[in-house]
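Should a chain be cited, it is by its letter among A, B, C and D, assigned in written order, with residues numbered from 1 in that chain.
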């Protein structure tokens, strides 16, 4: 909303937010580990453990990045994660032959939720906060009501996703890395990515440029839901069986938004990317691990985390010209 | 659109559902716990946290370790008052063993399974721990992490179990059926056939709570007592009170209130007070506020418990294991007493905060009562 | 639109439409309640309904101030929790201290509101993030202070604010003290928006902060004040909640989203520029009537969430649809 | 006619609820022709172009491109058919690069994969063609408005559009940049592109157009060759009457004492500012896009305050750090970007007019009493001749001219002594323009001081008693009433022969 016509902007080359944030997070982690004498946490397995803390939130947050970039938001991811985890464990019932059908069914559910969210936002014109809060509540309710009939556990073989690894690197990290790279590639190098930035940056302009903005918004919502689904599947593998509360207890909705914004993606859309988001996720993981090493009491931890969320966003938001609400 | 959402989701979720529901109504387990309630515990008199039911013991010589040791505790979280009291018990018990204990490392998973798994992995790979105590957030989820930890060091699990026998021992009181049996039988004994009972529960789908309800429900059904409603309160006092008010407003006579946890029992009773009705028969738990109200308003009540002293037992067990002593196992079943009219006066302690759990077994621990938020 | 004079011939009164939307939904829902259980038409039960809805209505009024200026306040539930816990710890059963402590609670609330406002106005952190951070921090603070469980007791005089019911009152029969507090708060909230220039400033700030600023409006102060009012409403609601049912660590859980939903159902527009006190009041009453109705219908608890979600979407969808038809 | 028109629209009708926006309008454009459309706001120009661009569907009528009938349901189809529209409001992505903007919606891609190198190269070529000296990798947010406009045109050229619609392309441009743009239009015409040119600036229209079509109230009045359409005729057709005295008569008396003065003013955008406005005086401020003329306006209203120097109001030093202080001191601002900075579009006409009064009033002032009463403000609105069915209706539904008048009423109500206008008539039709000039004059004659910052040179020359010309952040000189455009341009371009000591501000 800045329109000072004569603005002359001197642009000093700055480190990207993502690099800075990732550096700070790792620095924090290393300093805490050294100062508390927990040097074992700096061993490869300690560091892998740190990264492992990123997987669940990281997957959701990548999807959240897509919707925020396109100028929308998704509050239904937490409920969807629970739904997917429950559905996966229910369909598998420990039977490895049901792995594929379960995955397909889960992703089908995500596809449907994404389409509904996207349709409500893009075609229904409903404020995305309300639309996705609503669908989230619907999913949560149906899930809790039918959970009695939806017990089950994933197949042992499926848990390899969360516990197995290749040359010491967990598959889950490989998955996160691969999906991150894929997401970054999509945003940076593909037509779809370019359209997302266009629609988020200037919806009217994008429409006039011939972009079918509704389709792009819809697709972004589908991507977000699918990533939430990936996170749900990962959690199902890690937790063996899903409960209707894992998404809510993990606060994946608000936390995924927080890390995305911390990573420099602006809520208005059109600016940001996956790298920043992952750096934000790394910050949260480092805080978790660091606070553990420091033995900070759970409640105080929450106080600090709240303050850090604000501070981390303030660092780049404070330069914003104009108004923010 | 939204109607379709709902329908579609329901359909998708129930699709392929062969209704293989997890069974919270296991007659064998019900029977076993009923027997355990009647057993005489073994072990030191007057110290229920050190007692056990049944015979089994496990040998722990291979874990013996001399000198000062470090205990690590992966806590599911402190998201309710029960766990707050319990954590205080655990810390206080650790303080009793300063000569043997170098350090007690506590990490809190904030109620997140995923975080607790990472926490356990980090504790194990950190290499500082001589023994690991785990209070799992959920049973199935923590199983692989606990299994992995068992390979490296002795593990003691309490409260919720894990689906593996690898821990040295699993400490728990009699259990959910026991809780439901105690409270259900008391209410059934006070009511006539055809009387109404309102069941107030915290949330659905949680194993330790579902079993309490199923046990009580069985007993009510047997006794011909109507369960006029089973409502979830989310441990929220305002919601509890509102739910009860709604039932009162419907004009149905409520003869008894059964609760699967007592933390909002006084809120439920207030609804009767505000409506100018006599108190119903009620089953609560061992919280101070409930006990005080029971005492002052002469309620017909019972306080079954899921004792918090098991948090003490975890530390005792861990140190015994590192001493190479035999410990009860593979399950260490603690007695699960209930507070009845006869013993009520022994448990009321005006110094303690309202949601203090009286069966904490903590009166003799260092720092009592301030450590538990009580007044001197 | 190219032809302004003709188009302008259509009268447009968005404020009145908003009022009607909330009121109509409420009347319909309450009628449904009364149909299922006719004694809800008695003054006593209606008063009881109002008493229980009071915290949500008050929160919605506070939230509305922030919504008008274009923001959100996610911290109000945490503030309510803090209030309940702090009251029990500070008063600790001593009725003498009640009023002094209530004063202190308002000071605490105002401090939280100020911090929220300052962070949004000067650090330029979007309010959804700023108040999310505040929510975490305040909740953590409340729990850390109380040790994670209720401590201390609330004396009778504090409890009365949410619990006492005056009997034998002319016309209405019974009159809960909480309803008097509710009416007082709504009156003040109405006065703030309609009896001072603040309301119009808030609307303009929500609509176009830049234009407001260039015309001399103190934009930052308007924003900050909105967060303060919101926090004050949270304190008031917290006091009533504590009074109604006593101390608990989850007294305020989830109330922030309910308050936002209430405003939206009542016709206030998210991101600012549109809405009135009546959107908040009737939106909140509608939402609460919905909860009550679902309770009476005896639906599985869990499905009530679903229906709430569906209604939320439908309410906003209806507004959008109406807007499109007009355009 | 022997040549097949590149574009032929016949019998186009379009109605909105309660409004007949277009009534059987015919329009055509030959290859290599610049065809201007003139008309007041609300005449139907934008609707016609939105139909051409595929944003609206016509109720009746036919569109033929080079003889082939087309039906568009989405802007994309129009674009694919070779129609490019450069909109009045820029549709760029500030956080993306120039290349990414040029290719927005038509990225070069193979199976969904972008070919960034190819896009960079082509972007560079297009930028060179429109005469913009920028790296395709630059972020758009760092470009000036003028360059952004060129990027918009490059976007249009990308399509190899056969029909190019330019809607007020020079609205945000200063004289120099406008000339560059007009040259570009001529080049494109030479390449056989059909150009539909919409502008309120008559000199521009007559200079560039081959033919002119006038629309009024949704109907076509006439289409003529430019040579057969003198400006007076065009204006009469647009307005429906003669507009002889387009600019008000100069004041009869000399200006009074100094009202507002700046001494040694400087900030990041300008320096050495010595500026004054007297009572009864209209001071114009001219300059190129980045000359600091807008910064001067922003400084006068406290939006981008001076970092050094002093401001005096009636001889008293004045703290002027925020717009609020300016409002309180009686300095009113009418920003050039009305929608972005001037109006709260979802509030009523009345609320917008009351904005300043309410902003300055004490917090506990009762609204709807005294000066804040609806009657009081309605009177001011009527005095300004704001046309609305009901002052309670949303201001977003009014025309630009009425919106601008409502903003003037805002400052009238606040009893401001100094009014700072920026681009006061941008996007406002001719009749409303005249009314606004008239108001400015009347205000000045009532003893107020007016500052007008504008890129519209004839406007400044017509209305101002004195024009201050800015160049590179300094005041390059002042020209009196009656000066020629050339005099101003020389100062603005720094070619007036006046010694210039420093290279850059």
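The rule is short, and it goes like this: contacts are C-beta pairs under 8 Å (C-beta built on N, C-alpha and C of every residue); 3 or more make two chains touch, one makes a residue touch a chain.
Quick caveat, the model's predicted, so the values are computed rather than measured.
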Any chain in contact with chain A as well as chain D: C
A-B or B-C - the one linked by more C-beta pairs in contact: A-B
Of all other chains, the one whose Cα centre sits farthest from chain C: D
Distance from chain C to chain B - Cα centre to Cα centre, in angstrom: 36
Whole-Å separation of chain centres (CA-atom averages), chain B against chain D: 72
Chain A-chain B separation of Cα centroids, rounded to whole Å: 34
Distance between the centres, which are taken as Cα means, of chain C and chain A, whole angstrom: 30
Sequence positions of chain C contacting 2 or more other chains: 148, 210, 213, 301-302, 306, 309-310, 313, 317
Set of chain D residues in contact with two or more other chains: 303, 335, 340-341
Sequence positions of chain A contacting 2 or more other chains: 1, 3, 120, 124, 134-135, 138-139, 142-144, 147, 297-299, 301-302
In contact (per the touch rule at the top): chain pairs: A-B, A-C, A-D, B-C, C-D
Contact set on chain A toward chain C in their complex: 1, 3, 120, 124-127, 129-131, 133-145, 147, 254, 257-258, 261, 267, 297-310, 313-314, 317-320, 322-325
Interfacial residue positions of chain C with respect to chain A in the complex: 69-71, 119-120, 122-130, 132-141, 143-144, 148, 206, 209-210, 213, 219, 223, 257, 261, 264, 270-272, 300-310, 312-313, 316-317, 320, 324
Partner chain D, residues of chain A touching it in the complex: 1, 3-6, 8-9, 11, 189-195, 197-198, 201-202, 204-212, 270-271
Contact footprint of chain B on chain C as seen in their complex: 37, 39-40, 45, 48, 52, 55, 146-153, 163, 165, 241, 244-251, 253, 292, 295-296, 298, 301-302, 306, 309-310, 313-314, 317
List of chain B residues in touch with chain A within their complex: 1-2, 5-6, 8-10, 12-17, 19-22, 77-78, 105-108, 110-115, 117-119, 121-122, 125-128, 138, 140-141, 143-144, 148, 204-205
